[in-house]
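One chain, chain A, links the two complexes that follow: it is found with chain B in the first and with chain C in the second.
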Partner chain A sequence: MAPYIARRLLVTGLIVWVIVSLVFLLLRLAPGDVVQVLLAEGGASPELIQARRRALGLDQPLVVQYGRWLGQLIRLDLGTSLATQRPIGPDIARALPRSLELVATALGLGLALGIPAGILAASRRGRREDLIVSFASMGGLSVPNFVSATLLLLCFSLLLRWFPTAGYVSFWESPATHLRFLVLPTVTLGVTLAAIAARFTRSAMLEVLGQDYIRTAHAKGLAQKYVRYRHALRNAIIPVVTIIGVESGSLLGGTVIVEYVFNWPGMSTLLIQGASRRDYPMVQAVVLAVAGLFLVLNLVVDVINAYIDPRIHYS
Partner chain B sequence: MPTSIHASTTPSVIVLPPSPRRRLLPERRLSIGASILGLFILGGLLAPVLAPFDPLKQDYQRMLAPPSVPHLLGTDEFGRDILSRLLWGGRISLLVAGGGVVMAGVIGVPLGLLAGYYGRMTAALLMRVTDVAMALPPILLAISVVALFGPGLANLAAVIGLTYFPRFARLAYVATLTVKANLFVEAGRAMGASAPRILRRHIVPNILAPVLVEVSLALGFGILLESGLSFLGLGAQPPSPSWGLMVADARQVMSQMPLYLVWPSLAVAGVILAFNLLGDGMRDALDPRLRGR
Partner chain C sequence: MRRHGRATHGQHGQLTRRDFLQRAGLLGVGLATVPVLGSHLEVMAAPAPARPTRGGTLRYGMNTPVVSLDPHRFTGAAADNLNGMTYSRLVQMKPDWTGVEPDLAQQWELSSDGKAYTFQLRPSIRFHDGSTVAADDVAFSFQRIMDPNTGAYLRPLIADLLEQVTAPTASSVRFVLSKPYAAFLSALALPTAAILSRRWVTGGGNLATTQMGTGPMKFVSIEPNVRITLARHEQYYEQGVPYLDGMTLLSLPDDTARSTALRTGSVEFIDFVPYREVDTIKSDPRLRLHGDALSSGLWAFANVTKPPLDKKLVRQAINWAMNREAILKAAFFGHGALMSNIFMPETSWAFDPNLPKYTYDPDKAKDLLRRAEVGAPLRVEILSASNVLFWRSGSQVFQANLQDVGFEAQLVTPEFAEAVKRFNASDYQITMWGGGPLYADPDFLYAYFHSKGTVGRTTGYSNKRLETILEQSRSLADQARRKSLYQQVYRILLEDAPWFPMTYRLQAEAASVSVQGYNRVLGSNWNGVRIAKTWLAR
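After this line comes the complex of A and B, so read on.
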């Protein structure tokens, strides 16, 4: 397995490098020079623009800029925000754990709901339970996050007043309040994930339950439960793990909207503020951080899969 | 095939005899999806005729009016008729999503087709390109494009095309590989048919079914992205009656008029549901072997 992991690491490294380079190029291909766009809109003199360009190193040849950019990244220096003139690294370091917390709780909820629902639907195929699960997961997939988030906010915060409207309190300040703020965003994201998990678990289970060895297991008189969990589930869970890994990456994207609705001060604040102020370095940093995380997650999933499934051998 | 596993993107092709029960369900999903969608398309097309009011006309005498006779769904915070705005908004969503998906298909399908037909180097290259494109969550890519080029509907359509073409490419690639292995392709080649002819006559018609399914799912995704970005203020700009913007507006006044939030929410969820049902039903009805998800 070690060579497999090594190769996956190499591929992941390559993709990271490509993304880093793409982000670099994209910034340079943007219409107009960053400084030019920003300062010219403010009516700055050409001398000032020249001075700022020099300060940011934009007057250097592209190759030099590229080298400097890579050097910065290797030192984990994400650059300086154009809007606030402060280094971006600390901002990301503060926001990222908050977003990850949301992803983690949503993943937990989604799996805890989705996998059992999928198993239930598959084992009661075509019956009422199956229809209910299929219907619910179709609904969960079709309601966009921003709609469900807003509706939850309306129902449970404004009308029923069970939860505070929106905001954030650090866990260390007040654990209880922190958790109360966490509930609605987690539910919003978790329900979508549960819908996805239920669908995949169901179809993976159905595929496995149709196999010959399941019939053999039944024929030799093993208990229904034993066959379902020891034979079927263990094989069905592999594609589900893969999908969940991929989905938790887009979950990281989905948090953007949910964080925005619930005023959760994670990556989305940085991203949306960055985008609306056209603060390129900030957007670039967030994109790199999330893409990096996503790739690491995929890597982890692949390794987990290789670990659970002894049949996966990669020459 | 590359050594890494991509169970998510490579539909597993497994021959399973469809049970009678399974064969019934897709048709029902199809018809429900098609009817909901038909309603929305009709509403969008006929908006100029059907909409009782100008979607942009403000009326300060009737702000946030509850549903009543001239304003069937009530009015928004500027006194604009909500029903009329919904009807016109459907046009925006469908057009933007449609434009984006056409773009994604036009770029992605030929790429996948060529990679699948001509084999190794092109294929390896293409798969790495799609790996990179798929490493970014779509909404992130969308927001970065908006940050670079500014918000706007044309940019949104481009974003949808950009985020979705790798999926089309991968799908077409996998499907082409499967079709290419058939004897009739080899027979065609043995009879001296040119590559373009084989592609056009034998391969394209056979990969159309999965592509069609993906088109439907992609349209749902496009609408999701359009409305989501408009909701964040990074897509359609006010006073445009985009559904995402309407949800955002309704959110500002939801404690005073919760119903206003319900209408655009229903519209967005309804269209996406319709596309999902349609795509899902088509997948099962057209090709029982292609049970990827």
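After this line comes the complex of A and C, so read on.
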């Protein structure tokens, strides 16, 4: 296992470097620059634009900019935001846990809702429970994030006043308020994930439950629950774990809508702000962090799968 | 008790003139300075105010996050609003834009040749760290502004005018210009003309991560993209104010979230009231709208070097082809006013009520096109931006209007950053634009229509007679004389039609009724939010 992990880590590092270099290049291909964007509202003179570009090093040849940035990375320095002039490292260090918290709680909620629902639907196939679960998960999958986010906001915040509208308070400041702010964004994200988990669990379970060895286990006289969980679920869960791994990875970068509507100040906020302002170092740093995390997550998923299923051998 | 039903609000949800005049008499302290202008001004009248009470923290939901804390750089309206609260300038704009009034300088005089301003500072002004303000701090601040490395927004506006800034005494500052400049005081009132502490900056104060000024609110902390915390400056130069203990600026970019936060009481104040929510907020008796439709707008520029826009008749035709009512409805849900000739707030002394107006006249447009004798097809490309919502809606109507009179009008909507780049590179035929004037003096027209102006340089428009008048007017002190010059400017612009004025738009903040004494400046997103005399009623 150990040499496998080591090799995977090395490959991960290479992939991250390629991704980030690509982003570096593509960013600079997009027309527009941070100076012109920030000054647009007020109207800017060419001299001011030139002076700012010079001050920010944007007039240097691409190779020089790339070299300078790689040098910073090696020193573990994520650079300074071109827009805010603040160091990027602390901003990401602050934002990353917030995004992770969102993703983790949404994941937890989604799995806690979705997997049992899928199992229920599979074991009561064709009957009322199955129909309800299938219908609900179809709904959860079909409603786009921005619709469900706004609907939840209007319903629970405006109409019912159960939860605050939008914003963020850190857990250390006030745990209760922090959790109240967490609910609506988590539910928005979790609902979609629950729907996905329910559907995948249901179909994987159905497939497994139709297998011969399940019939054998029943014939041996084993209890329903034992068969369902010890044998069926354990096999069915493998594809579900893989899918969840992929989904949570894309969740990391995909919390954009939720972070925007509920003003949950996470990584997606930094990314979108950085992209629309052409704040190159910020976008590069966020992509680096997210890509690295995503790849590590996938490695973890693979390791978990190897643990669950002894048939899988990694050379 | 629903006081704000249809009966008092006329057809479009706006106050009727009669009702407005009735309520105008009840306007309280902060709103009393706003002139009565009928349907252009959408303000809810306050009941006669009680005495200000001290205390409380005002929560302000901001539309955009504050990008940079450096008060000399322009990075958007949010930063300007913050700087309006934490820093001071020598002078500040009067709320109705009729001139400037004292801020840190209590009086000033202009030399007889109009080239030297001497400002007397108020006695005993203190920075937030308790140190006293001296004329030397003012001189230092302007040295920093004029330093090209700072990237100060003010610099290009006064670079070839300002010769030196000195501090003849500890409490007086002297600015010497190379030639008289009528808008100089208005430039000094801009949020980015902030006064810094020499000792604090040279002693290592980091202007990117914190603020240290003389404004009514003291900067306490920033949590990027979350909130900015401010506290009362106990030693503010004006006695007894600010009434508020502090403020919390919360980042609420989503329109629905921001207006919902106000309606549920999570915040007491929001800016950039979304046009879709204006009627809802106005009909809520616990809320009040503070706005004007005088100082910002939507329009388009022509690049007069690109055919067929190089022909004056074609450009005039476009102005007659435009259905401004429809644009106002599409872009701003009807909240605003038509801009039918020139962009000039009604409260400005340079406003000309007798200026001829464009109307919606497609037949006249077609006739002008015929006389222009440009061959078909008439192809024009309108540059807009995908992420500026009212540019998008407005430009779609505009495109349809042009097509109705025979243009093949194409609408291009890249992302804003790309649109700005193309604009600065003059890579457009027609481009959407909008916003507010750069500063509160009609000289802002220089920026738009002089070939050396920051915007005018991209349009290719250059009318020598117009430029001479603009240059002349900016060096005169006599307002009457300047007014007659600007009236000539307007008529030249109507004749040449280098641009396509569309509408004024409502620029509004909204607050809970508990927020009293909000001293609103016209187009306040350009000039900072004034809260020194604002207080929270319990």
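Heads up, the rule we're going with is that the second predicted complex is superposed on the first by the 272 of 315 C-alpha atoms of A that agree within 3 Å, B and C clash if a C-alpha of one lies under 4 Å from a C-alpha of the other, contacts with A are read in each partner's own complex, and residues count from 1 in each chain.
Here is the rule we use: a contact is a pair of C-beta atoms (placed from the backbone, for glycine too) under 8 Å apart; a residue touches a chain by one contact, two chains touch by 3 or more.
What you see is a predicted model; the values in this text were computed from it and never measured.
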TODO: Using the touch definition from the top, say if A:Leu158 reaches chain B (first), chain C (second), both or neither.
DONE: both
- [ ] Identify the partner contact of A:Gly140: answer first if only chain B is touched, second if only chain C is, both if each is, neither if none is.
- [x] neither
- [ ] Scan A:Pro265 for contacts with chain B and chain C and give back first, second, both or neither.
- [x] second
Open item on the list: Let me test your reading of the model: by the given contact rule, A:Thr150 touches which partner, first (chain B), second (chain C), both or neither?
Closed with: both
TODO: Classify the contacts of A:Phe294 with the two partner chains as first (chain B alone), second (chain C alone), both, or neither.
DONE: first
Open item on the list: Between chain B and chain C, whom does A:Arg199 touch in the aligned arrangement: first, second, both, or neither?
Closed with: first
Task: Touched partner set for A:Arg278, first chain B, second chain C, both or neither - done: both
Open item on the list: For A:Leu22 in the superposed arrangement: first (chain B), second (chain C), both or neither?
Closed with: first
Task: Between chain B and chain C, more extensive residue contact with chain A - done: B
- [ ] Under the contact definition given at the top, report the residues of chain A touching chain B in one complex and chain C in the other.
- [x] 30-31, 150, 153-154, 158, 260-261, 276, 278
Task: Interfacial residue positions of chain A with respect to chain B in the complex - done: 4, 7-8, 11, 14-15, 18-19, 22, 26-27, 30-31, 125-126, 138-139, 141-147, 150-151, 153-154, 158-159, 199-200, 203, 207, 210, 238-239, 242-243, 246, 249-250, 252-254, 256-257, 260-261, 271-272, 274-276, 278-280, 283-284, 286-287, 290-291, 294-295, 298, 302, 305, 312, 314-315
Open item on the list: Give the list of chain C residues in touch with chain A in this complex.
Closed with: 65, 67-70, 74-77, 148-149, 151, 153, 155-156, 159, 208-209, 223-227, 250-254, 256-258, 260-261, 263-264, 266, 387, 414-418, 420-424, 435, 438, 447, 454-455, 457
Task: chain B - residues contacting chain A, complex - done: 3-8, 12, 14, 16, 21-22, 128, 131-132, 135-141, 143-144, 146-150, 220, 224, 227-228, 231-234, 244, 247, 250-251, 254-255, 258, 261, 265, 268-269, 272-273, 276-277, 280, 291, 293
Open item on the list: Applying the document's contact rule, which stretches of chain A touch chain C when the two form their complex?
Closed with: 30-33, 36-49, 51-52, 55, 83-86, 91, 94-95, 150, 153-154, 157-158, 161, 164-168, 260-263, 265, 269-270, 273, 276-278
